[in-house]
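Across the two complexes that follow, chain A remains constant while its partner is chain B and subsequently chain C.
And now, the complex of A and B:
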């Protein structure tokens, strides 16, 4: 833990009682002047910290910024995901940053957030709008012991984790649309982009990128997206604390990743199916030039969608654009 | 074509008749002095070029080096593979070089050769010995319109291409061992390492790395490899021209890649099965901690091995270490 993380953790633990500068100084083994300097630094980032002679320091409010130390301090003990968090003010795409870290041999679990992305992307190179401080744009590095064909399991796990994180923070109950979208009231509020580097039978690393539209107003979506996209702010009618949401999501993702790693994909898949708007529906799936129609039945053991076609046979689908049949 | 390529092509076409400096100069639109300078440069690389007043220039012999221009000049018109060839004196691993080119957006078909690799690797991070000028150590960048699950098709295609290239150059008939080895008399003479970068349902790029033990003597193999590895020189009893072999292999690989791209995997698979020492045999396959036993029946449409297990059901195997059951 950095000094900032330690200070924020102590301030949070103390709550309204506050904590004395002397106490912080002893706990961390640095001078009171050094503590003061860090407090000033945190204030400059937007943390409202009161200093009073009898109560010491009190944390009054936290700013709407993502602060790596603060996220770490709130995250607590996760097993893999979020042990290392890095926040960029702006980047091309957080998946690109993670890819560089992956090639440099960085351990799995590192999470990269960007306050904005200049080249955020969705599946198949599609653009993903990521305006400053309006959402959570982040990516995670994983190095699972899976064959490339089983990597779809991770997208399924990411979707359930994202689902639970959003539900815990907002009280909303989203739906999951196969393979990689989270919807509220039929409109997309979050997406997942899974990328992998592999040998034929062994994954080298997997990057799970996520975008969550948190505090965008309706007017901030381009006209062509307004009918199909929404944000948590639009759906709840109020601003949503991004840092808290991020922590909720990372904790849930960590839980699901553990389930995958210990071979409990079935439990994840069951939960996923329960909240999935695609399963048990007649759908049309576009895959490049190909179009296939049928009833989405369930997931197979690798996480692929099993579709019962019009001709009655079961087809295994690993990706595509789904529309529900009217 | 570079000037060197044009000169070598003209010299080859002229054969024993030779070609006059004036003619070369006119053809290429550069001065006779410039032609002379290039000839001197080629000589310094080991090309034996005779210059006589009445015959002009004659190519007497080519050195045992890989020269990008020379390879291009001999390759002729391939559709994709080898339109761009780069030769390194030494590199870590040619797959690494191709990966960098892939990320820089270089077109598919580029081939990187290295005269030696300091960190040549085989499947699952295993070492691949690649001493200077004793073999062909090279990698190819492909950007096929395939789903990640179908990438095994490319390894199958690479194996058949490699098989035909070796047979054409040496007269030997190797066998293919699933998934990625070429054997002669039961000993490994070449291997293939396929790596990919992908989204769940779409390949971004595939790197096919190959190592062919061409001119190693028995004594150059470490003792632990002597019983299981061999070279074309050992098997034919004579040195094999590496540049000619490289050209043969690239032409065959290009042919097979075209077959895959036009949906003719079945033709490739049939040829592969005909020369495969694994199919129709009882085998033991080790996959990490797992061991599975059965009869290798055939390839499925994605290129995976279909194994009839002892319990009678068909299992789909995408990678592993195969040993024939005694």
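And now, the complex of A and C:
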């Protein structure tokens, strides 16, 4: 833990009682002057920290910024995801940053956040709008002991983890659209892009990129997106604390990653099905120039969608754009 | 015309690289193409004699070095079509296939507006991205994993592919 992480953890633990500078200094083995310098640094980042002769330091409020040490301090112990967190003010795409880290041999579990992305992207190069401090734009590096064909299970797991994180923070109950879009009232609020580097029989690494529209207001969406996209702020009617949301999501993702790694995909898939708006509905799937219509019945063992077509036979769907039939 | 399989029970594919199955195949192809019925070659401690009788071929290799360890490889499948008589032995067997590591949809470009990652005739290195396979929004960037020239694109863009299905062929350089 860095000094900042330790200071913020101690301040949070002390709450309204505050914590004395001497106590911090003894705990961390650095001088009171050094503690003071770190507190000043945190203040400059927007942390409101009161210093009083009687109570010592008290944390009054935290700014709406993502701060790696603070995220680590709030996250506590996770098994894999979030053991290492890095925050960038701006980058092209957090998936790009993770890819570089992956090639450099960085351990799995590292999470990269960016306050804004200049080239945020979805699948097939579709642009993902990521304005500064309005959402959570982040990517995770994983090195699972899975066969490349089983990586699709992670798609399902990422969706359930993201779903629970959003529900825990906001109280909203989103729906999951196959395979891993998160919707509220039929509008997309979060998306996932998974990129895989694999050999024929071995996964080298997996990058899971997520975009969550947190505090965008309706006017910030381009007109063509207003009917199909929303934000947590629009849905709850109030600003959502991004740092707390990030911690909730990472904790839930860590749980689901453990479940996948220990072969408990079925439990994840059951939970996914429970909150999925695609299952038991009539859907249209566009795959290139092909159009398939039918009723979504369930998930296959790898997460593929089992569709009962108009002609009565069961078809396995692993790609394409899914729309609910009105 | 299909040739009878070559008796290679005693051919030693030794580590010194004196002879290689590919070389023998190329010689047979040349013999076939030019209607040569007998071929003999001697080099250092290696001697090979090939004879074509009827529509079959028989080989009787001889070794001077009794230290050579002989083993019996599987019978060589004979090429059913004649190779185009290359100067140097090569043929299609020297090509490498890039196979799909998963079931999914094959994409030749990162986005519909972007150009293809590679075209036939392009040179690639092991790290060159050649395509994307997508399954359930998992985008798998496939690398060439070999150095060479792309000789064939085996699948059309945006079409489904199976596990292990060949995607491209590369002639190693």
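Definition applied: the second predicted complex is superposed on the first by the 326 of 326 C-alpha atoms of A that agree within 3 Å, B and C clash if a C-alpha of one lies under 4 Å from a C-alpha of the other, contacts with A are read in each partner's own complex, and residues count from 1 in each chain.
As a working rule, contacts are C-beta pairs under 8 Å (C-beta built on N, C-alpha and C of every residue); 3 or more make two chains touch, one makes a residue touch a chain.
Predicted model only: the values in this text are computed from it and were never measured.
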Room on chain A for both chain B and chain C (clash or fit): clash
- request: For A:5, select first, second, both or neither according to whether it touches chain B, chain C, the two together, or no partner.
  value: neither
- prompt: Is A:215 in contact with chain B, with chain C, with both, or with neither (first, second, both, neither)?
  reply: neither
- request: Would you check which partner chain A:126 touches, where first means chain B only, second means chain C only, and both and neither mean what they say?
  value: second
Task: Could you look at A:148 and tell me whether it touches chain B, chain C, both or neither (first, second, both, neither)?
output: both
Clash-bearing segment of chain C relative to chain B, given 9-17, 45-53 or 63-71: 9-17
Message: Can you give me the overlap between the chain B contact set and the chain C contact set on chain A?
response: 123-124, 148-149, 151-152, 155, 179-180, 193-201, 287-288, 318-320
- request: Would you pull the chain C residues touching chain A in the complex into a rising list?
  value: 99, 101-105, 107, 110-114, 134-141, 143, 145, 158-160, 163-164
Message: Which stretch or stretches of chain B touch chain A in the complex?
response: 123-124, 145, 147-149, 151-152, 155, 179-180, 193-202, 204, 287-288, 318-320
Query: Mind pulling up the chain A residues that touch chain C in the complex?
result: 123-126, 148-149, 151-152, 154-156, 179-180, 192-201, 206, 287-289, 303-304, 318-320
